[in-house]
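Below are two complexes that have subunit A in common, paired first with subunit B and then with subunit C.
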Partner chain A sequence: MGLALTSILVMALLSLTIGVADMSFGAVLQGQVDDALILLASRVPRTMALILTGASMAIAGLIFQMLTRNKFVEPATAGTAESAGLGLLVAVFFLPTVPMLAKMLLASGFAIAGTVLFLRLLDRLPRHQPLLVPLVGLMLGGVIGAVATFFAYQTDLLQYLGIWTTGEFSGVLRGRYELLWITGGLALIGYLYADRFSIIGMGSDVAITLGLNHRGVMWLGLLVVSVITAVVVVTVGSIPFLGLIVPNIVSRMVGDNLRAAVPWAASLGAGLLLFCDILGRVLRAPYEVPIGTILGVLGSAVFLMLLLGRQSHAVR
Partner chain B sequence: MIQISDVSHQISGLPILTDVTFTLPKGGITALIGPNGAGKSTLLSLMARLSKVQTGAISFDGADVSTTPTQALAKRLSILRQDNSVSARLTVEDLVGFGRYPHHKGRPNAEDHRLVQEALAAMALMPLRQRFLDELSGGQRQRAFVAMVLAQDTDYVLLDEPLNYLDMKHARQMMERLRDTAREQGKSFVIVIHDINFAAAYADRIVALKNGRLHAVGTPKDIVTRPMLKQVFDLDIIVENIRNLPVAIHQIAPFPERQEHP
Partner chain C sequence: MPSDRFAQMALPQTGQAPLDRARARVLILGALSLVALGLFLTLGVPGGAWGFALPFRAGKLVALVLVAYAIATSTQLFHAATRNQILTPAIMGFDALYLMLQAGSVFFIGAMATQDLDPILKFSLEVIVMMVFSTGLFLWLFSTQARDLYLLVLVGIIFGTLFRSLSSFISRMIDPNDFVVVQGATFAQFNTVNIDLLWISLVLCAFTVPVLWLLRHQFDVLALGRDTAINLGLPYRRVMLITFATVGLLVSVSTALVGPVTFFGLLVTHLAYRLLPGARFGPTWIAASLVAVITLVGGQAVFEHVLGFKGTLSVVIDLLGGLVFLTLLLKGAQR
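Entry: the complex of A and B
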C-alpha cells in the first residue's frame, strides 16, 4: 500500500509538470504570476480530476460487481454511462440554461433508471451463465447509446455526444471540474458501507440471514454507482475499462472483502488513470492522445490477460 | 420453542407443503428427513424467512418470522442453505467473520474475534483460515460455511444438508461438534440429513416429511424402523439394533428371505 501511494504521489507531481505551456515550480516559488496561473488553473485541476475520477470509477466498478455478483461488468459498459449521456443530452436540449449541477442531476436520474433496468434484466438471466451478464449489459448500453445518437442527430447535438462518449482531461480547468468532488464523497460512502456491500456480494440469502436490509443496500449501491458514473460522464466523459480491470486486479490481490479492497481499488484506479493520462500527453506531444483511447488499448489487453490467465476464478 | 402452524406453500401453482403443523422444544438436534422433493428445503427456507410464508405461521420463541424485524431475527436464528453459490473471493476467516455482522454491524470487538476463532477451531479450519474460498475443496468450503453459521451464535440454527461433500471423519466430527454445542449451550439445531444413520445416532428427535405433508415426529427409535422407513421412503430397508442404536442398512436390498432353503 505504501508503494502504491508513493507511486501515485510521484505520478501526480509528474502530471503537474507535464504540459504544452512552460511552467516550473521554481518560477512559481519566485512569484511568477504566469506560472502560478498555469499550475493552479490547469495543472492542479487536471491532476485532481484524474485522481478523483480514477479512484471513484474503480470503486463504482467494485460496488457494481458486488451488486451484480459478476466480475465482467462495469457501469461504463452496462447502460449506466450511456443512460447518463442520454440524460445530459436531454438536459442540454430541453433545459439549456439551467446550471451544470442541475444537468448533472438529470443525468444521474437517467443513470439510475438505466442501472435499474439492467438489474431487472439480470434477474431474468440464468445464474449459471455468468458471461451472459456482460453481453446483456453491452447490448443494453448499445441500445441506449443508439437512442442517444439518434436524439443527438435529430437535434444537432452530435458534437456534444462525442465529448461525453470519449473521456478526456485536456479540457479540465479550474471551475469546470469541481463537480467531481461529489464522486469523492460517494466513494467514501463506498468505504463506510464496505461490509454491507461485501455481504450483498454473497447473495440475497446470506444478506437476509445476516439481517441486512437487502433492498436498501442494493438501492444505496445503485445510487452510488449511478451518480459517480453520471458525474464523471458530465465532467470529463465516459471512462471505459477502468471499473472493469481495477476491481479484477484488486480481487486477485486482496480478495472481495471490500473493507480491504476499496482502498486498493481507489489507489490503483487513481494510479492507472494518472499513468494513462501522462502517457497520452507525452506520446505525441504537443498533441494529446485521448485517455479513453489509451485506456481502451491498455484495458482490453489487461482484461484479456485476466480472462485467459486464471479463468476458473472469475467465471465461477 | 419452534412453532409451525398450518403452513402451506406453493411454487408456481404446485403445492410444495400442505398443512404442516408441529412444535419443537428448545434445545437439542432435530433431524428433518424425507425423500427428494418432500419439501424439507422449502420448509427450512420459510423458517429462515428466505421465502415469504404464504399460509400459516412460523415462530421462534413466540417471534413470528413474518413480522419480527429481520435484524432482530438475525440474532436468533441462522441458516446454511444447501447450495452455497457464494462466488465472492473471501478468506475463510473473513467469511466466518461476516457471521458476526448481525451483532457488531461492521465494528467487531474482542468478543466477536473470540467467537470467530472458536467457530474456526470447531470446524478444524485454523490451518486454512487465510485461504481464499476458491482455493478450498468442496468439503473445506462446506465446513467454512458451517463455521460462519456457528459464529453467528444464534439460539436456533437451521442446516440444510451440512454433511454434503464431507468425508467420514469430518462428517462425524461435525455431528459431534453440533451435539456438544447443543448440549453445552442449549442451542437448537434443525438439520436436513439424508444419511438416516447420522440422524439416528445424533438427533434427539426426527421429523419425517413426505409429499409436502408431515408424516411423523418422534425419537430415532420411533422413526428409524422398517415399517416407518417403508412408509416414508417407499423402500424396504432392514433396520438392525446395534449398540442400542437403530442402524438402517439402506444400501442393499433386503436378503431374499429363505429362498436358498426351500
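Entry: the complex of A and C
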C-alpha cells in the first residue's frame, strides 16, 4: 500500500510539471505570478480531477460488480454512462440555460434509470451464463448510444456527443471540474458501506438471511454507481474499462472483501488514470492523445486477456 | 447429378410446397428491390434536372447495391463458417480493422506517399492486407472447437473495441496535417459515397458472385460443423480459407465505400432466415442480398427524399440491429 501511494504521489508531481505552457516550481516559489497561475488554474485542477475520477470510477466498478455479481461488467460499458450522456443531451437541448449542477442531476436521473433497466434485464438471464451479462450490457449501451446519436444528429448537437463519448482531461480548468468532488464524497460512502456491498455480492438469499436490508442496500449502491458515472460523464466524458480492469486486478490481489478492496481499487484507479494521462500528454507533445483512446486500447487488451486467460484455467 | 438426387431424397414427399413458397418469396423480394431502385432514382427529382440527377444518382445507387451485397454476403458466409447466427464480421470489428490498417499505412508510409499512390493500387493493396489479416485472426479464434458461443461473441466485440481504439489512436499519432487523409468516421454515411473506388469494387464483387455460387453446396456442408464436414469429404481447411478471405474482401469493399455499419448484416440476414426458414445457402444468399438492397436503397430514398433525415439511416439501422441482437441474446438464453 505504501508503495502504491508513493507512486501515485510521484505521478501526481509529474502530472503537475508536464504541459505545453512553461512553468517551473522554482519560479512559483520566487513569486512569479504567471507560473503560479498556470499551476493553480490548470495543473492542480487537472491532477486532482484525474485522481478523483480514477479512484471513484474504480470504486463504482467494484460496487457495480458486486450488485450484478459478475466480474465482467462496469458502469461505462453497461448502459449507465450512455444513459448519462443521453440525459446530458436532453438537458442541453431542452434546458440550455440551467446551471451545470442541474444538468448533472438530470444526467444522474437518466443514469439511474439506465442502470435499473440493465438490472431488470439481468433478472431474466440464467445465472449459469456469466458471459451473457457483459454482452447484454454492451448491447444495451450500444442501443442507448444509438438513440443519443440520432437525437444529437437531428438537433445539431453532435459536438456534445463527442464530449461524452471520449473522455479527455485537456479541458479541465479551475472552475470547471469542481463537480468531481461529489464523486469523492460518494466514493467515501462506498467505503463506509463496503461490508454491506460485500454481502450483496453473495446473493439476495444470503443477504436476507444475514439480516441485511437487501432492497435498501441495492438502491444505495445503484445510486452511488450511477451518480459517480453521471458526474464523470458530464465533467470529463466517459472513461471506459477502468471500472472493469482495476477491480479484477484488485480481486486477484486481496480477494472480494470490499472493506480491504476499496482502498486498493481507489489507489490503483487513480494511479492508472494518472499514468494514462501522462502518457497521452507525452506521446505526441505538444498535441494530446485523449485518455479515452489510450484506455480503450489498454483496457480492451487487458479485458481480452482476462477472457481468453480464463478459458485456459478452465474455471467457471 | 448425384448431389441433386441426394437433395431430393432428403426432402419429405410434400417438399415441393415449401420450395414453391420460397421461390415465390424470393421473386417478391426481387420485385420489391426493383421498386426500391426505381424510387431511389426518381423520388423528388425537380423537373428539368433529370439530365443531372439520373447519372449522379446512378453512381450512388451502384455503390449502395454493392454495399448491400457485400454486407449481406459476408455476414451469411461468416455465419455458415462459424456456425452461429449472432456474431457478424461487423460486430467483430472487422470494419474497424480495415480503418486501422488504413490509418496504419498513413502512419508508416506517410501521407504524401499514400496520396501519390494510385487510389486503385492503394485500395487493392489494402484489400490484400485485409484478407491476410482477417483470415489469420479468424483461423486463430475459431481453430479451437470447444469454445463456448458467448465467450466468442464477447471476445469478438472486445476485439472490435480494440481495433476501433487502435485506429483512433493511430490517427491521433499522425501529424494533424495528415489527419485529413484518414477519415475516422464513427458511423457510416450513405449519402456521401466514395465514388473513386466504385469500379474496382464492382469488379471485386462481380468476381465473388460465380465463385460463391459454385461453392454454395459446400457452404451448406460447412455449416454442419467441422467433423461432419470432413466426414462428408469436404476439403475443410480450403473452404474455410476461401470463406474467410472472401469475408475480408467484402468487408473492405463495404467499409471503403461508406464506412462502418455495425448491425446491418445481422438485421438483413435474420430477416432472410425468417423469410426462408430452413432454406439452403443459395436461396438464402439471394434473399439476404435482396433484403439488404431493399433496406438500404429503399430506406435511403425514403429517409433522404421523404423524411428529410439526411445521413441518419445508418444510425436507425444500428438501433434496430442492436435491438435484434439483444432479443437474440435474451431468447437464446431462455432456451
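Following the convention adopted for this analysis, the second predicted complex is superposed on the first by the 310 of 316 C-alpha atoms of A that agree within 3 Å, B and C clash if a C-alpha of one lies under 4 Å from a C-alpha of the other, contacts with A are read in each partner's own complex, and residues count from 1 in each chain.
One rule holds in what follows: contacts are C-beta pairs under 8 Å (C-beta built on N, C-alpha and C of every residue); 3 or more make two chains touch, one makes a residue touch a chain.
Predicted model, so just to flag it, every value in this text is computed and none were measured.
Enquirer: May I ask you to decide whether A:N213 touches subunit B, subunit C, both, or neither, giving the answer as first, second, both or neither?
Expert: first
Enquirer: Go through the superposed model and pick first if A:G171 touches only subunit B, second if only subunit C, both, or neither.
Expert: neither
Enquirer: Between subunit B and subunit C, point out the one touching more subunit A residues.
Expert: C
Enquirer: Contacts for A:S198 in the overlay, against subunit B (first) and subunit C (second): which applies, first, second, both or neither?
Expert: In the superposition, A:S198 touches subunit B alone.
Enquirer: Applying the document's definition of touch, where does A:A146 land relative to subunit B and subunit C: first, second, both, or neither?
Expert: A:A146 sits against subunit C, while subunit B stays out of touch.
Enquirer: What is the contact status of A:N257 with respect to subunit B (first) and subunit C (second): first, second, both, or neither?
Expert: Only subunit B is touched by A:N257; subunit C is not.
Enquirer: Would you sort A:G185 into first (subunit B), second (subunit C), both or neither based on which partner it touches?
Expert: neither
Enquirer: Check subunit A for residues that touch subunit B in one structure and subunit C in the other, and list them.
Expert: Touching subunit B in the first complex and subunit C in the second, no residue of subunit A appears in both lists.
Enquirer: Where on subunit A does subunit B make contact in their complex?
Expert: Residues in contact with subunit B: 66, 69, 127, 194-196, 198-199, 201-203, 205-206, 208-213, 251, 255-257, 312-313, 316.
Enquirer: Please output the residues of subunit B touching subunit A within their complex, sorted ascending.
Expert: Per the touch definition, subunit B meets subunit A at residues 48-50, 70-75, 78-79, 81, 85-91, 94, 98-99, 101-102, 105-106, 132, 134, 152.
Enquirer: Name, in rising order, each residue of subunit A that touches subunit C in their complex.
Expert: These residues of subunit A touch subunit C: 72, 121, 124-126, 129, 131-132, 134-136, 138-140, 142-143, 146-147, 149-150, 153-154, 240, 283-284, 287, 289-290, 293-294, 296-297, 300-301, 303-304, 307-308, 311.
Enquirer: Residue numbers of subunit C touching subunit A in their complex, please.
Expert: Subunit C residues touching subunit A: 147-148, 150-151, 153-155, 157-159, 161-162, 164-166, 168-169, 172-173, 176, 187, 262, 309, 311-312, 315-316, 318-319, 322-323, 325-326, 329-330, 333-334.
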